[in-house]
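Take a look at the structures listed below.
Each of the next two complexes has chain A plus one more chain, namely chain B in the first and chain C in the second.
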Partner chain A sequence: MTAGGGPRFIGRPWARVDGPGKTTGEARYADDLVLPRMLYGKLLRSHLPHARIVRLDTSRARALPGVHAVITGRDLPVRFGIMPTSQDEEALCLEKVRYVGDPIAAVAALDEETAERACEAIEVEYEPLAPVMSIEEAVAETSVRVQEHGDGPVPNVHKNVSLEFGDVAQGFAQADHIREDVFFFQGNTHLPMEQHSAVAQYDAAGRLTLWTSSQTPHYVHRALAKVLGLPMSRIRVIATPVGGGFGGKSDPFSHELCAAKLAVATGRPVKITLTREEVFYAHRGRHPVLMWLRTGVRRDGRITACHIKTFLDGGAYGSYGIATTYYTGALQTVTYKIPAYKFEGTRLWTNKPPCGPKRGHGTPQPRFAIEAQMDKLAEDLGLDPVAIRLANATEPFTRTVNHLRITSNGLRECIERVAEASGFRAKHRRLPFGRGVGLAVSTYLSGAGLPIYWNDMPHSEVQIRVDRGGGVLVSCGAIDIGQGSDSVLAGIVAEVLGLAPSEIGLVTADTDLTPIDLGSYSSRVTFMAGNAALEAARKMRELLVAAASAHLEVEPDGLVVGDHRIHAAAQPERGVTFPEAAALAEARFGTLVTVGSYRPPRLAGPYKGSGVGPSPAYSFSAAVVEVAVDPATGEVRPQRVWIAHDIGRAINETLVIGQIEGSVYMALGEALMEEQVFRKGLHKIPSMLEYKSPTFLEMPPVETILVVTDDPEGPFGAKEAGQGPLLPVIPAVANAVYDAVGVRIDEVPITPDKVLAALDQAARGGVGRVGPRRVPPFRFRDPIKVEPPAGWSVPWRRGLPVAGGAPGLPDDLPTGTAPSDARPRDREAPEEP
Partner chain B sequence: MKVALTLRINGEARDVIAPVHKTLLEVLREDLGLTGTKHGCELGECGTCTVLVDGTPVLSCLTLPVEVQDREITTIEGLARGGELHPLQVAFTELGAAQCGYCTPGMLLAAKALLDRNPAPAREDVSAWLAGNLCRCTGYLKILEAVELAAARARGDAPQPTGDGGPPAARVPQRSGGAS
Partner chain C sequence: MLRLPPFTYLAPRTLEQAVGQIGEAGPEGMLVAGGTDLYPNMKRRQFEPKVLVGLRGIRDLGRISGTPAQGLAIGACATLAQVASHPAVAEGYRALALAAGAVSTPPLRNMGTLGGNLCLDTRCNYYNQTYHWRKSIGFCMKKDGDICLVAPGSPRCWALSSTDAAPAAIALGARVRLVGAGGERVVSAADLYRDDGMRYLSKAPDEILVDVILPPADGWRSTYWKLRRRGSFDFPILGVAVALRSGPGGVIEDARIVLGAVASRPVVATRAAGLVMGQRLTADLIGRVAQAASEPAKPLDNADLTIGYRKRMARVYVERALRELAGLPYDGAPGGAR
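So, the complex of A and B:
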């Protein structure tokens, strides 16, 4: 790559490029923006979980001094939603409210206090409706309807899915042992440190600009165009640095649309920043999921068949829920060879804030279930938890029974190395009462294989411009939400061009200035924007090398792109500096602009619903958690976490370890304390004090092991790190609690009261378990029966096309400045007139 | 009711006329343009809005400016001196202790107050001192390492960083540990 051998930055630890801005207060988040004549907006929200709006009178609010505009649902009647099939949201509710916090009016005023007073002056008369508040109520209710659309067979079903791969009945018939277990995963929320905020400006020329704290500026762009009735070409969306997302800023939100509409209505900039309480209600977090899981195994632990039923408490709107539903069934087969697999899932409407994607999107819940059950199966069979997982672990370059393509796969190495590092075999069932270890594994996507809305365009695009002073500017729609996408872009380009990441200029997430990136969701940015950046950078290097070659009279093959220089491999002193190379290349080729883009290969299987699950590559993780459980208080304290993660190859080791440690932290919060709970539709604990999250004092040491597998399609071999490492930690905690005190908490979070209840039950001769006993009666659809891909479990050779898979975009699309743009030499030195 | 205030912020005297009930957080951000101070809850729960008053961390969302007149207020904008970053700022960047960066200003100021009092804190001391500052990105471990690295450098016990952000040999620990 560079002089002296290996890469200078890729695969090593280095400082993130946005660090200086973020440590000095310079970084400008959405709420830091102040524009001349700016007004402040507020939303009036419903205090009832389910009600018809009988009368809405804004006249008193409008009459208040300092109030510039009041809008209601009539001003924004067009429905929207992140998924094309769930266009069920209104920026402001027109006829009815469906959860406490549903917005019904918006105000723009000179200051926040006046805006708040105006909201209080709006008169609303409601006709309360019976609310539907739980999975059980949603399944049983036949007269009350939360939403107008749904999948049946009862009114409050958003989605009803049934898929069967292979012969499940035969698989269970071949089993020596079968277990059925029921699990519940309570909902929880992202709790980003930054509250959502948006600033809108409508200029005199009729162009709308929205600055917003969003993970998905492109999807916000689309929603604004639809709801405001403006062409996308008249709207500019700029994502500001996101002060924590975790999935919670991936939907287009009411406050973004209302800020824009209020800016249009007043001709003045309008800012709306949510309060912390509003953030709890805006939500779109982890779905509560009730799960039934039946698995058959042979005596040696190999799975013969698996059948899972999931019931998702979706809240009042669709959000990403259809994808979430499929995700509860999609990825179990990516860690374990399951020859026959049935998935039944349903998402239900309830009068609560809508759930959506949170780190791991729909997969932590079933991962908790299957990993806890694997532990139980191992015990039933007299196997150890490591052995049963190794007996079922998938292999590299195989497919799954549900038509997912696996490329690089370090699962086996993850299991072995984490077991070794933690001393798992020596500790499991051997620690004193009150201490225990638990193991679990997982997998996650390196980006969803399909975009949210169907199209044939790239998922990520990068443009690089090099100026005659040697400056490098990288433009990309990707938004840094803290995961380090800016650093990934800069690092890849710097590595290819022989520069340092801190020297690369960046323009990101601005729909006027940057080519597309679909957003910071589904762990896709490093893989997809990284590949686009790599392609653009290689093209730029080719131009620079060609110009240096002509100047130095050394063949391109004999040149090395070294540390800020391009020089002859054999004679390092024979070379040009990077700025000299840039000037030579500009003289030869004209404006130095190259582009790269990435579209994942077409990987969806031959069945409806196959769009959720495919990814160009999967990460794999294994974790061991050691806990201390106090039998007197029921308190569970993690002592240490060991986690091995198949990263492919780290673009930046510092960032990767940061993502893994952050995932472990968030998982421990979910496993032990975090929950989004309601009483009569009111959030019980909508504050950062009462919604418990781990502090410095609860965080145990973490030992991270990076497993390198060099994915053939990842940029420099890289795969994702932002979400996958969260997944194994939650079930590993549950399994460790069992190892410590012999009780099964089949319900997340594992709070002290549940541990005490289970211990008490065990002491009285019971089984020592807390968790749901059954799932409600529910009629799933007749399953779509799908044949597994032929030879699905046999490794395929690298480089060969895979069933259902087509290659991505060709490498040599004729875009940007290209070697063929070279001008004739005689133009380089025109004669004096 | 509005009051005329003189606040000493980052070594400068600043005059403000503001409603008496307006918090220090609001005055800093809205009246003085010091938006480096962030807010996470405005209820004193998250530590994000931490600033230093006479070197002691306070929650600016629970502080009224009239309480801190004639005292020395330090915000994140005042942490670097004359364009030279504080060792904590350098270490936070280097080790990835700032991810989304939103809790970082408060975290840095709280950590500075600790190092000013104790130049060689044990890990438990750092954890206990910073326990009121929430972070959702890092899992806190990189923050602990960065505070320790900055402290070690200030004592001359650790090498200075390289200029380009690249990896100096033997800098990043192979394993990371938290408070046990």
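So, the complex of A and C:
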């Protein structure tokens, strides 16, 4: 059998399946849910950044009319955390508070006003402790301890990592030129439109149901079981449509556990919706990272060695921080051939809301550093920024010095096409003062290669049921957080079965009804759930074709699954409709259910810490930003952004372009204005008014170029689009500012006062730079020394058939605003890696 | 979500009723028009009035009458969107049209009123925070506490005048009509304000700002420049209103330069304005005037961006505003545009 006439949806633009519900207001978000007899919950949060709880008296709150329950840390004493090695969070603080906003008690009442009054009626007596508020303070502090666990050598170190690949000393010895630079990337937050919200219900039979705005319902499920002491089989977690996540809804949160506990305590449904201020406290956003970067290059620009030190301001709890720490060192080698590489990183405890994963998870900070430094190295060597990147760009089907496996790789094409589309070579150093262009590149995972907790099971599973009326129901644990995972599932199944995506029924992210998906994080859903859906759909197609074959008396190979029909290739009129095929198949095989699952290949290298960084495939991006800088006000205004993204192949071009434009928008905010800053132990500006994030008036036009590379393991060749395109934009802005007015702002965000300060310095004959001058003295571990994989930089294979039944896939599918011209693919038989 | 505290809402149909009701409510009462600033502040407990007297139902309070040649009267309940787009305002009182059009966002300008913006509460990033936040840092004297967190040694509150309309109104020589139980009085817009972050209006709490009276626009040209991080949403961290009246040959016969968001009240740069009297505007003179105008600006660390930056921008923005009116080339854009 063959797919008739090439793909009907894959690689093309089409309307997202959840669009009508979300645009008309019909979609029910967590806070829209109202259940009979529902109570409203509120959390009392710490007023101090660091203190011991001496006395906690809830009696006045309990006595208020309308208050149904008040709980404290004693009611939920079991610690939890997203990473198995960082089980350091309490749903409600027992002995100590560690940041302003740390939850202490929870109340359920008839309405929100009463719950709020009850929180105010709770008496808390604190013994204040000295707060630790910065990277420098955390490194220097010897007596005050924010957290009980750590990795030394000083009290406020959460993680201390050192890895060395290849001979770094020798690499630097071979260099013709070496640069050392120091950079700072300020923390920022996700700012989703939807505040976190959860509704819990505990029924008479003793089953708990939690509806929650979460990117990771499975991990919430596990945390609920652990903290509430209930078996997972008695808990059902339903992820409601998520109104923006960006990584900020990937942890199990206090309000979810408290809503559940309050529901158990009262026997009534309980809803807790965070205020905007509380969302700033829940945080888990971008870590502030101080970075020192030393790179050696030959005269022609080729890198001989690279050494990076990163200092992460982690906030008060672990969250994903161990993974974040490794991510600050993991992916530099995926864009550039670095023959000798050393990474030292540390995550520090501070009395601030915990940092965690935000779009790009730990990689935008070092990407900013290395791309700004590449710009400086190019200038030092008299090369242009395009040339130095092409000189170092990694190749398809190679490995990196730190044992990461690269499959499809469109980096070179991304660089060339974005340079051409933007006219970079004609503009760079040639625009009038105040105008400039900057280039940067990046890479990102298509899903983390390893799960968060060790297990051998699939990362994603899909079940498809077809009924005798031709209805198709796809079940999967994946949650659509706006990135379009529902559309990916529907699009893949529709493509294989000859239907339209809008005709596919979906049940998603419900732990009772759907098989597992680990969650919408690490850009994993298109790749992993997509492959699972593809497998299940192909199995279903086989059943339908087999039944049609018997009925039509045509061999399966002679049948085509076409537009709502299965028919003979030679005689299109000889066929059955899709519902007829379904009925024939049900008569022949019984209930029509097929399943598919996906588990990434084993990719971790032979060293401790190798679990962070591997991915079955990497996306690549290159961006050029053109800016106008007002030298009298220091204001930086992006004029236009060109971005080329190696998507593998788009499942839905509209959604891919949407993800890329959204990434550009978020990146510009981080580059120019967003910062999570603290004063006197408090978040300085926890509101959408004063936490400055761009409006659409600040958004320049974006030209997107999709580069098609057809990854051999991605479903229909697809790779990720949700995070990678954010990465190059931030350093491209910094490099463009330099091109415009000749000053280096080695610190994000690039605010107008920094630009003016640098211009003043330059006008006085100084270097014209704003940024940190040094990193604090710190004793990293002795490095784990790792030999690079043998022949790591030599391509290990070229060209492969594409997962997803490439038959019928033409090479000239539309690819965004520019036509596709993926390099010709060699279709030799694959070799095993 | 943050909830409004309970209150009684009164909807008078006449000014007399409103005056009676606000007088009767006493210190527990507040006036509300668009409510775009008041209601969010109530949610954060900056204000906890028991009675709100709503002015929107009073006929004629939203009327704009007159002509630039005779002078204009703008009712206090005219929305900022109406003021920004009214042809007579745009023709004769451009600074006010630009200022009104630069307030917040389009939906809020459709609700917010000119009177509301003129009476806008002063702002400070230690004050415009939730009750939880303010309790955490320790309450300030403007609400619930007794010290100023910006300048802890200071006996007074340094919250910032953040109205866009006021600098423009003052530069245009506007007067405001106030009606209270004791009758009616008309004061100059400049005299509406006091240099105190807490008691920032000379208007009594039970007086109602009824309308804004603009003098004949004959010969005046004006502009308003606003510094803010984004092209929408943000309150000014600097406002510059300039009005000039030129005589034959381009000689400046009268000039007013007013800075907003640099102190607890709009600051009238009298000395700087004096430098242009009887002169023709040249690039050199403009530079000196801008320097002089920025001298009274004394920003504190209670708004967006740094003190030094905001101080420095006062000079840049006055210079740009004057160059615009002088017909010289300038960077940037007037109003709230970026």
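In this section, the second predicted complex is superposed on the first by the 793 of 833 C-alpha atoms of A that agree within 3 Å, B and C clash if a C-alpha of one lies under 4 Å from a C-alpha of the other, contacts with A are read in each partner's own complex, and residues count from 1 in each chain.
Definition applied: a contact is a pair of C-beta atoms (placed from the backbone, for glycine too) under 8 Å apart; a residue touches a chain by one contact, two chains touch by 3 or more.
From a predicted model like this one, the values you see are computed outputs, not experimental measurements.
Chemist: Looking at A:689 after the superposition, I want to know if it touches chain B, chain C, both of them or none. Which is it: first, second, both, neither?
Modeler: After superposition on chain A, A:689 lies in contact with both partners, chain B and chain C.
Chemist: Name the contact category of A:790: first (chain B only), second (chain C only), both, or neither.
Modeler: In the superposed model, A:790 contacts neither chain B nor chain C.
Chemist: Which partner reaches more residues of chain A, chain B or chain C?
Modeler: Looking at chain B versus chain C, the one contacting more residues of chain A is B.
Chemist: Thinking of the overlay built on chain A, is A:697 touched by chain B (first), by chain C (second), by both, or by neither?
Modeler: So A:697 meets both chain B and chain C here.
Chemist: Under the stated touch criterion, which partner chain does A:47 make contact with: chain B (first), chain C (second), both, or neither?
Modeler: In the superposition, A:47 contacts chain C only.
Chemist: Looking at A:275, would you say it contacts chain B, chain C, both, or neither? Reply first, second, both or neither.
Modeler: A:275: touches chain B and chain C.
Chemist: Could you tell me if A:12 is touching chain B, chain C, both of them or neither one (first, second, both, neither)?
Modeler: In the superposed model, A:12 contacts chain B only, not chain C.
Chemist: Quick check for you: in the superposed arrangement, does A:570 touch first (chain B), second (chain C), both or neither?
Modeler: Neither: A:570 stays clear of chain B and chain C.
Chemist: Once the shared chain is lined up, is A:767 touching chain B (first), chain C (second), both, or neither of them?
Modeler: A:767 sits against neither chain B nor chain C.
Chemist: Per the contact definition in the header, classify A:29: touching chain B only (first), chain C only (second), both, or neither.
Modeler: first
Chemist: Let me check the overlay on chain A: which residues of chain A are in contact with chain B and also with chain C?
Modeler: 195, 275, 687, 689, 695, 697
Chemist: Would you tell me which residues of chain A are touching chain B in their complex?
Modeler: Chain A residues touching chain B: 8-9, 12-29, 31-32, 34, 190-195, 241-246, 275-276, 481-484, 500-503, 639-640, 653-655, 657-658, 661-666, 687-689, 693, 695-697, 699-704.
Chemist: Would you tell me which residues of chain A are touching chain C in their complex?
Modeler: 45-48, 100, 112-113, 116, 195, 273, 275, 277, 630, 632-635, 637, 673, 680-687, 689-690, 692, 694-695, 697-698, 751-753, 756
Chemist: Touching residues of chain B toward chain A in the complex: what are they?
Modeler: 29-30, 33-43, 45-46, 48, 75-77, 79-80, 85, 88-89, 92-96, 98-105, 108, 126-128, 130-144, 161, 164-167, 171-172, 175-180
Chemist: Flag every residue of chain C that touches chain A in the complex, lowest number first.
Modeler: 1-3, 125, 128-130, 132-133, 135-137, 229-234, 304-306, 308-309, 312-313, 316, 331-332, 338
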